[in-house]
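After the structure tokens below, expect a handful of questions from me.
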Amino acid sequence: MSFLKIDKLTKKIGNTEVLKGIDIELEKGGFLVLVGPSGCGKSTLLNTIAGLLPITSGDVIIDNQVVNDLHPSKRDIAMVFQSYALYPNMTVEENIAFALEMRGVSKEERKTAVAQVAKTLQIDHLLDRRPSQLSGGQRQRVAMGRALVRQPRVFLFDEPLSNLDAKLRVEVRAEIKALHQNTGATIVYVTHDQIEAMTLATKIVVLKAGTVQQVGTPSEIYNRPANLFVADFMGSPAMNMLEGKVVGGSENPHIALFNDSVQVALPEAASLAEGKTVLVGLRPEAVTDASLIDPHAGKVAEVKAKITMVEPTGSDTFVAADLAGQAFTGRVRAELPVRVGEEFAFNLNLDKAVVFDPETTQRIG
Amino acid sequence: MSTASDTVSAGQAKGARYVIYGALIVLALIYLLPLYVMLTTSLKSLGEIRGGDMLALPTAPSIDAWAKAWGTACIGVTCEGIKGYFWNSIKMVVPAVLISTVLGALNGYILTKWRFPGHKLIFGMMLFACFIPFQAVLIPMARMLGIMGIANTTTGLVFVHVCYGLGFTTLFFRNYYEAFPDELIKAAMMDGAGFFRIFWRILLPTSGPIIVVTVIYQFTNIWNDFLFGVSFSSGEASPMTVALNNLVSSSTGVKEYNVDMAAAVFAALPTLFVYVVAGRYFVRGLMAGAVKG
Amino acid sequence: EEQVEVLHWWTSGGEAAALNVLKDNLKKEGVDWKDMPVAGGSGVQAMTALRARVTSGDPPTAVQMLGYDIKDWAEMGVVGNLDDVAKEGNWDKVIPAALQEFSKYDGHWIAAPVNVHSTNWLWINKAALDKAGMEPPKSMDELFTMLDKFKEQGITPLAHGGQPWEDTTLWEAVVLSEGGMDFYKKAIIDLDTDALSGDTMRKVFDDMTKLRGYFDDNFSGRDWNLASAMVIEGKAGAQEMGDWAKGEFLRADKVPGKDFVCIRFPGTQGSVLFNSDQFVMFDVGDDQHDAQMKMAKAVEDPGFQVAFNTVKGSVPARTDVSDEKFDDCGKKGMKDLAEAAESGKLAGSLAHGHAQPSSVKEAIFDVVTQHLNGQLTTDEALKRLPEAVAAAQ
Amino acid sequence: MTNIEPAPLVEPERPGPAFADRVRTLLPKMVLAPSFAITLIFVYGFILWTVYLSFTTSRILPVYKWGGFDAYFRLWSQPNWYVAMENLAIFGILYIGFCIAIGLFLAILMDQRIRAEGVLRPIFLYPMALSFVVTGTAWKWFLNPGLGLENTVHHWGFTNFKFDWLVNPDMAIYTVVIAGVWQASGFVMAMFLAGLRGIDGEIIKAAQIDGATTVATYRRIIIPLLRPVFLSAFIVLAHMAIKSYDLVIALTGGGPGNATELPSTFMYSYTFTRSQMAVGSASAVMMLMGITAIIVPYLYSELREKR
Amino acid sequence: MSFLKIDKLTKKIGNTEVLKGIDIELEKGGFLVLVGPSGCGKSTLLNTIAGLLPITSGDVIIDNQVVNDLHPSKRDIAMVFQSYALYPNMTVEENIAFALEMRGVSKEERKTAVAQVAKTLQIDHLLDRRPSQLSGGQRQRVAMGRALVRQPRVFLFDEPLSNLDAKLRVEVRAEIKALHQNTGATIVYVTHDQIEAMTLATKIVVLKAGTVQQVGTPSEIYNRPANLFVADFMGSPAMNMLEGKVVGGSENPHIALFNDSVQVALPEAASLAEGKTVLVGLRPEAVTDASLIDPHAGKVAEVKAKITMVEPTGSDTFVAADLAGQAFTGRVRAELPVRVGEEFAFNLNLDKAVVFDPETTQRIG
């Protein structure tokens, strides 16, 4: 049974509907990641869960209790803000202890609780400093400590890593993951970083303009995006979208790519009219060289295409190519000597192909 | 399930808001009292003023006092009201505010974007000038004005106000430009803009809020100044405040309180106007840096 | 085009009207009048403005001034010389010696006196006096009796404006009343320490305390003309004030002897404390000298003297002016002045800067005012008075 | 990619800074110079001049005859000076205290998303726009027992009501405080309002989630965050308190007696009406020293912290 | 011959030496990327090249001309700032035209030039807007347009992409790359994003605390980092550093990893004392599963290790493991079912191993 339930939630700010009927459920101990482009309403949703913004209609239910009218402080929720929102006038210790103090916890108990949390987060040597004397990563940990010390029912994180540099981000991400695994906390987490979403979540919700696009596990979202928006939004470089046509009549119905030089099977349980144009999605890592193609892949096609751009990242090389008027990007082994203008034989892992209806933008099958 | 006491009930929130509005309205009325007294008194007849309740509304409002204050009240041996002095003040305030604002803006610009060793000391010294009591500089200032040949002229008054306004205007602009990204200056430099062009094309157009604060501050201070006005001007060239003083504190004769008050309201109109119109930008401008003051 | 610039604080309607006579007279002579009024606090602001003008090297042509201020400014070497005009107008003869004391510096005429005020007057509401069934009081005791009677009538017995100079105007009248002219001179002109702290002075301060009991509660900071208005309207019984108060009564269409009574402050008949407004001529450039002389001459013109002083309530600065245009109080004023000058009972008023330079004057103001306002006890005041005077010298 | 080319035979040319460039680097200083010169002469020059004057025997006009410390001895033997200093202490503390308290209170109320903010703001601000030459008379009436508040309340029927501070030597200084607070508290409100608007909204949200009540949020989080505004307000008010002159003259003229004398009125009267210019200058020097003691540490810390 | 030469450049700010003798050369049309941790002096170096900061000693030479004392506007350099530094009071068109206006170019010419640049950057429909009305990516393009329109000798970019979100970053990166390829411009580019550095640069300079750590092509920097700092700094997750020992006497000298269960060849031309401890660096992608190992790899070792953490990113899965007390991270195929606690057989591509001396921190060989 779900621990956090958001039921037909709508939120108007002024005259614009920022959230348009959101339905989400999260089991106890789950890690829900909200992703979506800037301005889609992620922070607004988090704020309504926390009670910082009143909701227009619908319900927020925590542990079977409708909390719509409950004051934020009474919801037993902790929140970590993008800017960390540390109290600049207090030391780290006071920052962490503040919530306990407001709840009337005695001084000694506070001290013990803070000490324990600080130890977990390895910030015990910083307790006397003020936020301004901390580095970005340290601030982030203090903000987390402030949430942790309360042992709340639900944690909310609003893009906690976006202010950190790449190296630190990897570290802190691992810390958050460990926190979740060790404490079994229920977490709602906002980010627009795909890697963060994929590595942390047990469940991902993709939002766009105040509506839910897809709810699913990271692998569902990544491998079976519900629509073109989700497909395009998750993954960098983005999923290739190849135009195909349904051909083959009733004997051999399939999707023809690149003038039928590649044949993709029709999705199961889908009946598509002959001649219909569809979009076939293939991630760059499914468009690769012979040595990297999944040996267990059921259906692999080889196409030769002219390379238009090469982007070596060190660990891999992204290769953009053009075939039959369609541009796509593949990911090939970094060691391969690829050059712009050459022909290259791409191996396509067609097992991974997903098919979309360009009219409805929905996935087919 | 939630209990009633746990919720922020709509009723409670509303109650709190009533209290807030109530407190604000009561305070606003208190703040308005002196203005109210001035206005109502200026509309009353002398008899009503002497006999009656200061806070009562005028029984037969009349604007005779206003007409008299503006056009026919006697100040010294001339009886042409305060209208001439009103323009005197304008003639003094406008250039003084303009010059001190422009200089302050340039100084702030230099002290933040063209720093050189010792810029802090110079700024500190200019800032300290804000705090000097004006009575202490009257006599030497008179001498200097005499030497410069602008004693007893509007130019002289403008000069004095510019001198002692510089500290404030520099402070306001410095704090504002402090937060202005250096990159923009660098970009403009690379684009080939020189010192003045950067100021004119890049900084000044974005200085709206702080210009408002500075102009309001300078305008009120200069408009309301009495000490410099009475010392460095004379007769029919005096600013409004001096004329008002001559009207209000004349030593003998029946005190025409309604005329005095009407004149006082006239004297206050421009500053009131400025505050009411630009009040919103005032807070915004303060936010934009002047608060650090 | 000749022009005089005149710094003065006669800004109220009546005074300005009187000055207009002078302005018009000068106009006839082809001299323009550039007005520089600075009102307030009996010339405090005006003196500040004057300092600024003088230091800037651009003094006005003529400045309204009182008593010791004239000497102080003369000492600075910034005033002009009127000897020629004075000789022509025979000023040495027609202007009383007591005034010349201030109009001349180092034997040269530097100022043209406009008027002579005297300060030891008491103004009584006739109706209240009649109701009390009394003759005008002749001594301090009679004064207190009268004030007591006023009190019974339910009016404010003594109208008073609580500004330092007003307090001291009252105080110097009491000094003169209690000690006579000799004591006044000893204490206030010579600043004799014994006189300033002796028994007579104690009596003076006791009287002040007593007089204060006859004020209303709101006297503090009140302008003198508002106090006069109280007497005029019958809200108060009497007021001690200089002869300029008469102007207020006249302007309210009150008739001397019928609506109000003017007497010398009880116990001071025969003595006169005076002050005199004078136009001090400053050392201006030669191009303005001629206009300046014309103005000096115009000030001493008998016609102007009469016209001005009948309005202002004071008496002419020249002794050779007929009193026929003056009312009863004016006539009495002129007579008293002449007598006092004769008998040597004419002395400068302290409160109006004709007895001491402003530093000493203000020092005495401090003590008198603080005592009247209850900040000092009589004992303290007696101790403080000579100290303050010494410190200010 | 690197083409193999012979090493350059000529040394790279090294132009010295051109004349135009030198002008360019000097230009900012040249533009600043007039302002700085004005400050040097008209502020610091005059301060020195005042200091010098305090060591002369000047009375009615400046004279340059050396008088040693005589003026200072006179100054410190004036009971008036002590009254002035005591009054400044009372006035300064109450004025600054009340202005900040009321200004902050108003700002907090105004910050509760008030609908009528646009109307209320100028109402609280306008006193700052008016000179006491203008409002002095109204205030004098208002506080005068015979005309003003007391009289009005009597009219309403409460004949026992008494409010005679203006004419009571013990209380008069407090009326100066009232009028002063009326004038400046709106300005302080604007400063605090600006400060409040500048606070990061997320911090307040964080406090709410941490369970802080509105009062606790203000007391523990917001007000401590306004510390710089407090400091600015203090400095602005302190210098206005020290400079206050119009206020006293318009309201009480220093009276009753000398009960509301302040150093600024003291200085003015000794310099201009009592013809003791040296003593007046000495008091000006003392005032400047007082201001220096407050301002210089502030300036020092302000300018050192920031770059 | 080098077009831009920085010669023994030092820069003191106050008493601290921010740049400590920098030597860099860049040929005409080159793309130099400066990387390094925050505060290492990247922006300072850029500013000295631009002439915005005076230099303390050394020379900046552009096209054989010492420009040390030349005013920024005379150096014919354009710079794109991290914050874009668009003039907020001007429209996009005015922003782009400003530099031309300052140079006295006539109104019509300006208009043509701006129109052309705007078209290239696809911002022609935005010309009338103000910067505040633009999205991050659009601002970025305007900033680039402002630089482009002048056709300067050198472009300087100071972290131009760091304010953009992940999706947009990829796009704009490609645009900058295209710009470089199409115009042959000489570019100096600051970033702390590894991918950006790798994909854009023809030459990378790694800075640390004001000193140059390594200069080289992207592949040199990535594959043969000069020292531990460079190795750790470039690449995310970071290069694994495995402790090894030189063993085998003179017959079979090699480096023993994991208690000699893996043997790494000694770097050529290096003579290492027997028993010396060294660090062997292996990038995560060289620690992988059997299906992904480079078939052309000369020397591959297999080790079994216990998985301590799994981070699926969608396209790959990063697996952290622990063997013989040494933690390392491998990158395996996303489809593999790996679980924490299990043993996994990692294939190590030892061709890719680089060896460091832990004492000097320098690469050996």
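Here the chain labels run A, B, C, D and E in written order, and each chain numbers its own residues starting at 1.
Methods note: a residue touches a chain if its C-beta (ideal position, glycine included) is under 8 Å from a C-beta of that chain, and two chains touch if they have at least 3 such contacts.
None of these values were measured; they are calculated from a predicted model.
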item	value
Subunit D and subunit C - chains in contact with each	B
Subunit E and subunit D - chains in contact with each	A, B
By number of C-beta contact pairs, the top two chains	B-D
Distance between chain centroids, defined by C-alpha means - subunit B, subunit C (Å)	39
Where subunit A and subunit D are represented by their mean Cα positions, the distance between them in whole Å	55
Multi-chain contact sites of subunit D, meaning residues that touch two or more partners	24, 61-62, 147, 268, 272
Residues of subunit A touching at least two other chains	71, 74
Touching two or more other chains - residue numbers and ranges from subunit C	41, 48, 51, 54-55
Interfacial residue positions of subunit E with respect to subunit B in the complex	47, 50, 52, 71-73, 77-79, 81-83, 85, 87-90, 98-99, 102-103, 146, 150
Subunit C residues within the subunit B interface of the complex	5, 7-16, 19-20, 23, 33-42, 45, 48-49, 51-58, 60, 223, 225-226, 229, 244, 247-248, 251
Subunit E-touching residues of subunit A, taken from the complex the two chains share	37-38, 165-167, 170, 174, 177, 192-195, 198-199, 218-219, 222-223, 233-238, 283-285, 291-292, 294-296, 309, 311-316, 318, 331, 333-335
For the subunit D and subunit C complex, residues of the former touching the latter	59-62, 74, 77-80, 140, 144-147, 164, 166-167, 169, 172, 252-253, 255-259, 268-269, 272-276
Complex contact set, residues of subunit B against subunit D	17, 20-21, 23-24, 27-28, 31-35, 37-38, 41, 53-55, 103, 106-107, 110-111, 114, 116, 120, 122-137, 139-141, 144, 162-164, 166-167, 170, 178, 194-195, 220, 223-227, 241, 244-245, 248, 257, 260-261, 264, 267-268, 271-272, 274-276, 279-280, 282-284, 286-287, 290-293
